[in-house]
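Heads up, the next two complexes both have chain A, just with different partners, chain B and then chain C.
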Partner chain A sequence: MRIERRLRQPRWLIVAVPAGSLVFAFFASGLVLLATGHDAISSYRKIFDAAFVSKGVLSDTLVAATPLAFTGLAAAAAFRMRLFNIGGEGQLLIGAITAAAAGLYFGGSGGPSAFAIAAMVVAGCAGGAAWALIPGVLRAFFKTNEIITSLMLNYVAAYLLTYLVFNSHSYWRESKGFNAAVFPTSKTLPDSALWPAATVHVRGGIVLPLGAGFALLAAGVLWALYSRTRFGFEAQVLGDSPRAAQYAGMRTRRKILAVMAISGALAGLGGASQDGDFRHTLDADPNGLQRQYYGYAGIVVAALARYNPLAVVLVAFLIGGLQNAGNTLQGVDFPSGLVGVMQGIILFSTLGGELLVRYRIRFGRSRPEAAPAVEPV
Partner chain B sequence: MNHSLLVVLLASGVAYGTPLLYGALGELLAERSGVLNLGVEGMMLVGAVMGFWTVQRLHAGSGVSLAAAIGVAALAGAAVALIHAFLVITLRASQIVSGLALTIFAGAAGLSSYLGNDLKLADNPARHTFHAVFPSSFQRWPIVGPILFGQNVLVYASWACVVGVWLYLSRTRLGLNVRAVGESPAAADAMGIDVTAYRYAHTLVGGAFAGVAGATFTLAITPQWVDGITGGAGWIAIALVIFAFWRPELCLVGAYFFGALQALAPQLQAREIHLGPTELWANWLPYLMTIVVLVLVSASGARRRLGAPASLGLPYVREER
Partner chain C sequence: MRGITKRFPGVVANDRVDFEAAAGEVHALLGENGAGKSTLSNILTGLYRPDEGEIFLDGRQVQFHAPRDALEAGISMVHQHFRLVEPFTVAENVLLGEQRSFLLRTRSLERRVADLSKRYGLAVEPRARIWQLSLGEQQRVEILKALYREARILILDEPTAVLTPQEAQVLFETLRQMASEGRTVVFISHKLHEVIAVADRVTVLRDGRTVATVDTADATPRSLAALMVGRELSGTVQRQAAELGAAMLELSGVWTPGDRGGEAVRGVSLEVRAGEIVAIAGVAGNGQRELAETITGTRAPSQGSIRVAGKPLRAGDPRAAIAARVAYVPEDRLGVGVAPSVSIAGNLALKSYRGRHASLGPLLRLGRIRERAVELIRHHRIAAPGPHAPARLLSGGNLQKVVLAREFSGEPRLLVAAAPTRGLDVGAIETVHAYLRDAAADGVAVLLISEDLDEILTLADRIAVMYEGAIVGQTARADASVEEIGLLMAGGHDPRED
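This part shows the complex of A and B:
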């Protein structure tokens, strides 16, 4: 068996490889299920039903898919430039904190107010962007590895979130009422800061959250940014060949900062959508938002979508279905870590599949006389 | 005197620093051969859960159980590392993305949680744990008692590992070969060194070290199983390798420093010392210090001089050299 570089990359492989990766991932996870004494086929049927088929589950799948679309876009935006921002998790949490503050401050009674929602969107984006700019600035000015710094900040953000609600008398913490004195909770958002949702009346009603709309919009903008503007082109050149970019006079630092800010803002918007669309409060429960690991799953989404923003939305829907099924089925015949295992295997197979795009594998013995013999002079 | 904050911090710094030290030594071996493995956190967690499982299920004496647990943890860590090795060495995948994938696959929401759940390991304390080796009369000696003689066998074994790794890398032919593979695989290949075999071996050994590091949590520091029990220690271990300029002896210093930082939050809580928002900054400290240290190291001049293997993170393809 020999591995040799492809001279041309056939177009069909670019779709076939991610699809094949998914199939392989299901096969390999099936082996994990079988090895631990579960019936893989019936597990898969249950997953599929709970994710896409049963009545009303599509709404729940959208609930899981919306944050994944945001963190997936965040990862795609940064990874495209080979900026490995794996702080999507922390940026989402910080976005949730700042957006909740905006919602609490600007929201009032009555129906959803465009002003309060806009304030939450801006605050969420700003919070996430600011958090992402910390590793961004360190990378741009001190060449500090952004992988570890952005990851460390995930833990810092999680501790901050817990602290704000459980260990301090912060703005976010509920201080009125009998329960507040016994068990710390965060304030509920006022009515006008709750994001509206549209309902499509098919299959028992599918609820389309406003955040899902924002995610679609963001995906379109990000796609246009990367494939239709000079900025996007330069960012990709910087990723593929930093030296060529430097010779061409592109500004590395500025681009690192901008891309990190965009990436963080997308994750932060995901946090704002968590507050406004789904949780209607700042969720600081250690088993709540922090346990969903949306930031890390976003990396899987982005890699499977091959960092293409439009594909991210589609993949987020698929992986969201998986995550939703994991939440619904969790119990005896569906151990909790299975979703992570499947996501990991999906990533592995996408990575392995990448090899098939760039190289081709030939079977059989290599021909010994590939080069013409040199005549002795 | 032995109960003063400083002595207790140093003593628990050694205890908390031990998993960091094992993790960092393993990562150092892999990186010296040119393979960056960002999956330390995942390998640690799988080692932690499998080591804990061995102790719970094996019906044997304390010593045998614990020895078997360490062996199983090392094997589990190496098995997880094998995935990374195959992807990045044989399939030439991106080492960064593959390492991240490894953490997602094996980490707090992945395989380790799956195994912990499926093997029903939560809610029970470990049946056997590592205890201090020396009698308590030794531990009463001022200052050195708790720090040097109050530790379990994993701590002393880690010291042997530091010396072993140092001797291996700097004083043996094999170690010289490893360094050649990490610096210039093409030159090593020309010398007749099997680059692929060296990289596989050191990635796997790195995984085994990470597995032992994980078992240190579940069998010594906090003898129980909780999802994500390592709390980012794997990532700190990766940062430690950079901080230590890829030298084993400096890993020891760094590990105990970060161990002491991790011990600070529980110690301050136990002593009811409140300095401002203690719950916040004491928990933040290890993570923030990691960032500070990384910035200091990366800002202080050329990376090459500081010991990063020149081919770290690059796949080696004989046909394309």
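This part shows the complex of A and C:
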């Protein structure tokens, strides 16, 4: 058996291999299910029902998928330029903090709801972008490794969020009421700062959060940015070969800053969507955003989508469905870890499948067995 | 090696190749790019496994399953692209993979390396870090590695590509010395005079097959060339000096810092006029690359002025150079001249994508870019699978055509070409030379930076020699002698005395 590099990558492979990987993943997960005493087929049916089919479940799937789409897009935006922004987590948290401040401030001022929402979107993007620009500036001007700096800032952001909820003078902390004095919680956003959701009246009603719409829009814009614009071309060249980019007269520092800012803004918008769409407050542990790890899951989503923004949305939806199903089904009969195992297997086989796109495996004689005793020359 | 066959997808790289080299000889492996020399040596060093055929070492059949096996059998190779760990010192690189004990004994190791380098005339400082060394010095480290491992067979893949004639002479002496000690030296090259100068015997490969093995004593450059390309080569044509126009490039007192601290370019003043080819000769690492980068804006000078077509050029800004129609064929094709994973179309548009023909505001006109690429691919006869194929799939010659096609499509006034033919085969070299000649004939000022004196003497109107960052001599081609230039390149004295 030999592994050879493919000279050409046929187009069908790019679709067939991920699909095949997925089938393989389900097969392998099926073995796990069997080993743990479950009927694989019926388990899959249950999962599928709980994720996408049963009445009302699509709404919950969208709740799980929306933040993954944002952090997935954030990772894809940066990773495409080989800028390894691992800080989607922290940027999402900071975006949630700034957006919550904007929502509390403008939502309570009696202005129109649209204004408060717009302010939250801007604040979330700006907060995430600013947080991402810290590793961005360090990378662009001092060549610091952005993986480490962005990762470390995740912890800083998480502690900052906790501090802002616990600190008694904090703008975000709820100060009224007896409970609030004993258990620190954050202020609930005023009604005019809550993001509206559209409801589609099929299968018991599907709630489409505004954030999901933003994510879809952002994916489209990001796709166009990377495939149709000078900016995207420059990012591609810079990601491939910084020296070639410099040679071609591209402004490499600016590009690093811009891409980090875009990446951070997307994650920050995810944070704003958490405030406006789902949580309506900025709470800390144990119920808080810090325990969701959307930022890290987003990296996985982006990798599965091969950094294609449109695919990120799709993958986020599928992974969101799987997580939703896991939450619904978990119990005595269905340990919560099982869905995690399945996710891991899917990730593993999909990334492993990448090999088959770039290489092919050949079976055959690798070297001659014949070794006749001839006088050497 | 007998009946060696190696197939790659779509190509038979070695087709029943027979090759044998005796102990105590320098045996050259001659052939054009793609003739199968590298594949054969990769098989001999255990990097590839042959599909068919047998390898005998000292009369015993051997099978190499991994490079380690070949190393242990005493076969070492100096690759064209060195296998050195850049942040490590010379001594550490020599030791690499040979470490037997847990503790590093740096002192004694350095002493051994110093001894070896003295004995074989391989001047290199054991404590220097690899990234600080010139390519010629790095090559010496590779040879030291082989000597340290007490290799009985040393294979060198195009070793002189990075050397000056003097350095090459020193290398040849080292190789001869190694052969006289009973080692076998396999010398891979496509340069005829070198092969005749250093080798005892030559095996010529063509299209993956063995054409002949001859004694160099009976060979002439012409007979070898005929074997190599299967036809007689036309002699080199000397260029007719063109009518010279206005000064297109004027450098005065340019100083530029290098990567290793200190000034790499030291007070260079130079003029290139329209229609003129000025060549800069010099050993690699004497500031030529930094000079080229200074002129083309990818490196900022600390002092001095650059004028292009009479106007001062904003220093340190590649865009200003591109706007002033300064074309640049960089020394590193893959990585600087071309972004490897970007499509051929993208690479052809690398400098023009900001222009009106390729973009509309922030949007790219992808259709136009593709059409233009198809046109350039056809016009320049670039052998490419298509405009959307990534550039890294192209061969060296075609890659260089992509660079040339792009640079010439910008209608340059000044062309800076750094080592434009390095690593190319005979056919591709002729093509590149034709581009440079035609450019000068069209009134482009050409600054050619090369280490190949033959190339310089064929092409240049004027020759400037660079040594340690400064121009140490300038002469018109008509008055030039190889010996004098060689002497200047080596700093005015024989490098063997170092």
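Definition applied: the second predicted complex is superposed on the first by the 321 of 377 C-alpha atoms of A that agree within 3 Å, B and C clash if a C-alpha of one lies under 4 Å from a C-alpha of the other, contacts with A are read in each partner's own complex, and residues count from 1 in each chain.
The definition used in the following text is that contacts are C-beta pairs under 8 Å (C-beta built on N, C-alpha and C of every residue); 3 or more make two chains touch, one makes a residue touch a chain.
Just so we're clear, the structure is a prediction, and the values are computed from it rather than from any experiment.
In the superposition on chain A, A:F24 contacts neither chain B nor chain C. In the overlay built on the shared chain, the residue A:R228 is in contact with chain C alone; chain B does not reach it.
Chain A is touched at more residues by one of its partners, and among chain B and chain C that partner is B.
Of the two partner chains placed by superposition, only chain C is touched by A:Q236; chain B is not. When both complexes are overlaid on chain A, the residue A:A248 reaches chain C alone and has no touch with chain B. Common to the chain B and chain C interfaces on chain A are residues 4-5. Residue ranges on chain A touching chain B, taken from their complex, read 4-5, 32, 36, 84, 86, 138, 142-145, 147-149, 151-153, 155-156, 159-160, 163, 167-168, 291, 293, 296-297, 299-300, 303, 335-341, 343-345, 347-348, 351-352, 354-355, 359.
Touching chain A in their complex are the following residues of chain B: 38, 83, 87, 91-94, 96-98, 100-118, 227, 231-232, 235, 238-239, 242, 277, 279-280, 283-284, 287-288, 290-291, 294-295, 298-299, 319-320.
For chain A in complex with chain C, the residues that touch the partner chain are 4-8, 228-233, 236-237, 240-241, 243-249, 366-368, 371, 375-377. Touching chain A in their complex are the following residues of chain C: 2, 8-10, 18, 20, 49-54, 56, 59-61, 63, 296-298, 317-319, 321-322, 328, 330, 332, 335-342, 346, 349-351, 353-354, 359, 362-364, 366, 385, 393.
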